[in-house]
Amino acid sequence: MPYYIVVIGAIATLAIYSILYRENPVFRFFEHVFIGVAAGYGFYLTIDTVLKPNWWTPMVEEGKWWWVLALMVGSLFYLIYSRRLVWMSRLLMVSLMALSAGAQFKGLATFYVPQMVASFKPIFVAKAPFVAPTNLLIFVTLVTVMSYFFFSFEHRHPAIRGSAKMGRWMLMVSFGAIFGSTVMGRMSLFIDRAAFLLFDFLRLSPK
Amino acid sequence: MTGQGAAERSRHIVFALVWAGVVITLVWSVPTRMPPSPPAQMLYDAIEKCPPDKLIVLSTSWDVGTRGENGPQTAAIVRHLFKSNRKFAIFGWIAPPGPVLAEQIAQRLAKQYHKRYGVDWVNWGYKTGLAPMIQALPKDVPAIIREDLFHTPVGRIPVMKGVRDYRDIAMVIELTGTGSLDTWIQFWQGVYGTQIGYACTGVMVPEAFPRLDAGQIKGVLKGLVGAAEYETLLGVPGDGQQRMTSQSVVHVLVIALILLGNFMALRARRKTKT
Amino acid sequence: MRSATVKTEHANLGQAILFLAVSGVILAGIFLSRRGRQLFIRRIPGLSAIDESIGRATEMGRPILFTFGLAWIDIVSMQALAILSHIARLAARFGNRLIVPLADVPLYTLAEEVCREAYAAEGKPEAFNPDDIIFLSDQQFAYAAGVIGLMHREKVATAFYFGYFYAESLLLAESGQIAGAVQVAGTPATTQIPFFMVATDYTIIGDEYFAGSAYLSREPTLVGSLVGQDVGKGIMLLLIVAGTVLAVLNKIMPGIFTQNYLAKWLGG
Amino acid sequence: MFGPKHGAELWVYIGATAAAFVAVFAVLHWLPVRFKRWLVVVCAFLGGLFYSLEYYLPAKHRWFPGGENPLSPLVIPMGNAVAVVSGFALALGLINLGLVHGRNIARARPGWYNSVAFFVALISMIVFGLWQSYVPDAARAAGLGLSGRQVHRVYDVLFNGLFQPLGATLFSVLAFYIASAAFRAFRIRTAEAAFMMVSAFIVMLGQVPVGQWLTQGLPTSVGNPLHYLRVENAANWLYSTWSMAGVRAVDFGIAVGALAMALRVWLSLERGSFFEVRESKK
């Protein structure tokens, strides 16, 4: 990468980091530049990766004239600005939403059932001493956490109250692990940016 | 208002500590060897078991945003593939810059291992179509890929000879900073039983384990540490091990901050009581 | 063990029956409730906080911000829209300014609809300002930068996070905290929950998110659906228990229970 | 009749199809509101049916025409069509952004120059993006004095000099926010919070050399149960079993919640005002 791009990148980097001090005009300027560049990139990307290869090419170059319907259907989006015709745009929205609903029906079987089956673990095994307690812990976590998410009755009975409470504890263990593992990720990103500033921009080398 | 000012001041101190910790340890650092964890070992073994005549697909769903984690991971896996003479294809379907950034890494390492583009690896580039494309890909690979990153038709690339459908692909490794794994599980592993390897950012890790446990994926590299572990398995230090000191320091810093925050809160509460 | 043979791309009988059973109890709940059966929902603290938080913005005379994260038109954003509709009505009633920055264009059109309708339903259509429903960017961090800027400049008093969030969750929530906002968050993105828990004041966990609209509106259809969902979860829980028992029996008496029949039936 | 067409015939077909589409909607528009409502319900039902029928119907059955699942070949075209249709919404976002920032400039609101920066960034990204992609050498021909290489260079500045570093840096701001949130809000007032903290500590330590150094005296052999106390093993175990089970349990609840929402959308049982069709004020 040529050095002038590194310099521009470093200025952009430092401008964003200035938010750590407080909101300021430099950050605000780069925020607007960022939104502008991103919107332009999104526009370019949609044309380059969606509309050109999946619409224009099949329609104009391969002669599949029916693809013009996609344009007509897509133009229904713009009817939200018309009070009288807005119902047509709703037709499109509801269809998109319903397609996603249908995918959800499929997802239950393709995605969650295998995980359910994977939860069928023997909780008593004679030989390996640590596997069975682990399986038991998984089982208890699953059952208690799921019990916490029952909404249709008051958690009064001691069994359900205890289970739900334990479920919350178990959940916190999960959340703690997620938090811990994310710390690693976010820190690596900053380390990468710092490496960019130190080694690419300032041209230092590790001692 | 003074409360607000104090909060701002302590925040600035925290930020300064993070800056200082990373900058100092980056400039003065020594590579740290990381013992490999079972999921990293599993990925290594799964690659070792792949038949050498089949292609391994590296799906690079990352860009400069998560380069800090996915970059060293990609480098470690590419190094393994070069070392063990496996043929592979770099591919992107989520992040357009992914294959370009991965190609830079492959080109750099290829010199070390005397590998040639087109013979030992290919770059399919970024292909559009998202999940439906991934669903169609296993049925006819050349029809979907058509040309490589440099616009060479796949028919003219030696390494692509004989690659037709999912049966010619030994494994797919998804390198990602986002939720792109399930598409492969749904349309490849779930349907054809293709092996899926996974290298993800730290935040994606907890979601990976239910999949690993269910046998849906064959191994996991966990963020930058995963890369460092893999470098240990390969016996060659890289960016992963180089940055481990900084990583150690900031982790300890976060733990110290949590403890300190609690200690100060406790003291403040005592004060208000008396 | 999982075999490497080609598996079917279509559901097997067990999966189909499970789908029909869970869907069936949900629909049954809806129809029972619509017929007038009184059903109960327990208190969900995070959801109760929504109304209080709007009250705070009213007292301070500063705006409310609602974000969907990076959600696009799907089931997740559908639920968020229902919650937005509730918040927009309260904002209209109490005369709060409501800012909704979005990251998806089709969803942007729906959000504008919802807010316009909400203001109209409260009899204040003229108070609705379409400029406050803003499409920012469909690029993750440009969107985050825009929301961060908005929070600081508009001095947001209350921020709501309902939708699908990725890494931007903590960027937004911590910025909101720095700007001094009271914050309520809910998302089905489980990996982002811990960050919302740390940085916001009230967090809605897991499928409390999908209970949101039922809880806030007490609409019979939604309450019935929620009760049906409980039964559906009960079915899944029972299957897990049964599958575990079979797994144990398979270990203890491999002669009689030669395999885990339930696992096989579900196509695992 | 319905095969691909070329040349002038293609454009006649395209024009006729577009006209037919407009005509159909014009007719629909004059139908009573009751009918339009019904149309919305039908659209929801058919849309929801597509992916689910495709999946829950078997791959082969003698009742199907030709014996094969008739919906399966349509899955991929449908995905493409949805992507294209959604793609056509792209200008809608730009219109909104353009209006907001255009007004800022027109009324010379404070910070109007930021809106100018927005427009400059937006327009140059679109122009140079498409230019470097589609007309690499047209620039010189147009006499603008910019060669394809130079166009590429401008695009490089916009993409590698601005867009990428801005995104990566904003992402990495999280490193600081995680630290400040940890300091400010990670309070152990309840048993719950203590569970969360301990688990977070173990995982954070297990990932880095310094944590592993803490428990280096413990045995490494898998046979010895004490090896689980090594912090990296404890972290792994915590991740792969305990945390996994918790996430999975939450996800099962979400699965059922999402299923219920999907059912309500599919059967138009959802109350939401947004899909209702009202008497339009004419």
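Residue numbering begins at 1 within each chain, and the chains themselves are lettered A, B, C and D in the order written.
We adopt the following convention: contacts are C-beta pairs under 8 Å (C-beta built on N, C-alpha and C of every residue); 3 or more make two chains touch, one makes a residue touch a chain.
Here the structure is a predicted model, which is why all the values come from computation and not from measurement.
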*Pick the pair with more C-beta contacts: B-C or B-D?*
B-D
*asked:* Taking the mean of the C-alpha atoms as each chain's centre, how many Å separate subunit B from subunit C?
replied: 29
*How big is the gap, in whole Å, between where the Cα atoms of subunit B centre and where those of subunit D centre?*
20
*Distance from subunit B to subunit A - Cα centre to Cα centre, in angstrom*: 16
_Length of the line joining the C-alpha centres of subunit A and subunit C, rounded to whole Å_ = 14
*Pull out every residue in subunit C that's touching 2 or more other chains.*
8-9, 11, 16, 19, 22-23, 75, 78, 105-106, 109-110, 113, 136, 138-142, 145, 167, 190-191, 194-195, 198, 205-207, 211, 226, 229, 233, 236
_Residues within subunit B bordering two or more other chains_ = 11, 15, 18, 65-68, 128-129, 190, 202-203, 205-207, 210, 213, 215, 222-223, 225, 247, 250-251, 254
_Numbers and ranges of subunit D residues touching at least 2 other chains_ = 55-56, 78, 80, 83, 86, 89-90, 92-93, 97, 164-168, 170-176, 178, 180, 182, 184-186, 196-197, 200-201, 204, 207-208, 239, 241, 243-244, 247-248, 250-253, 258-259, 261-263, 265, 274
*May I ask you to sort the chain touch graph into line, ring, star, complete or other?*
complete
*asked:* Residue numbers of subunit B touching subunit C in their complex, please.
replied: 4, 11, 65, 177-179, 190-193, 203-204, 206-207, 215
*Flag every residue of subunit A that touches subunit B in the complex, lowest number first.*
20-22, 45, 49-50, 53-54, 110-111, 114-115, 117-118, 174, 177-178, 181-195, 198, 204, 206-207
*asked:* Applying the document's contact rule, which stretches of subunit B touch subunit D when the two form their complex?
replied: 7, 10-11, 14-15, 17-18, 32-35, 37-39, 63-68, 97, 128-133, 135-136, 202, 205-207, 209-210, 212-213, 222-223, 225, 244-245, 247-255, 257-258, 260-262, 265
*asked:* If we count contacts the way the header does, which residues on subunit C are in touch with subunit A in the complex?
replied: 11, 14-16, 18-19, 22-23, 39-42, 44, 73-75, 78, 105-106, 109-110, 112-113, 136-139, 141-143, 145-146, 148-149, 152-153, 190-191, 193-195, 197-198, 205-208, 211, 226-227, 229-230, 233-234, 236-237, 239-241, 243-244, 246-248, 250-252, 260, 262-263, 266-268
*Complex contacts: residues of subunit D adjacent to subunit B*: 75-76, 78-80, 83, 164-165, 167-168, 171-172, 175-176, 178-180, 182-188, 197, 200-201, 204-205, 207-212, 232, 236, 239-241, 243-244, 247-248, 251
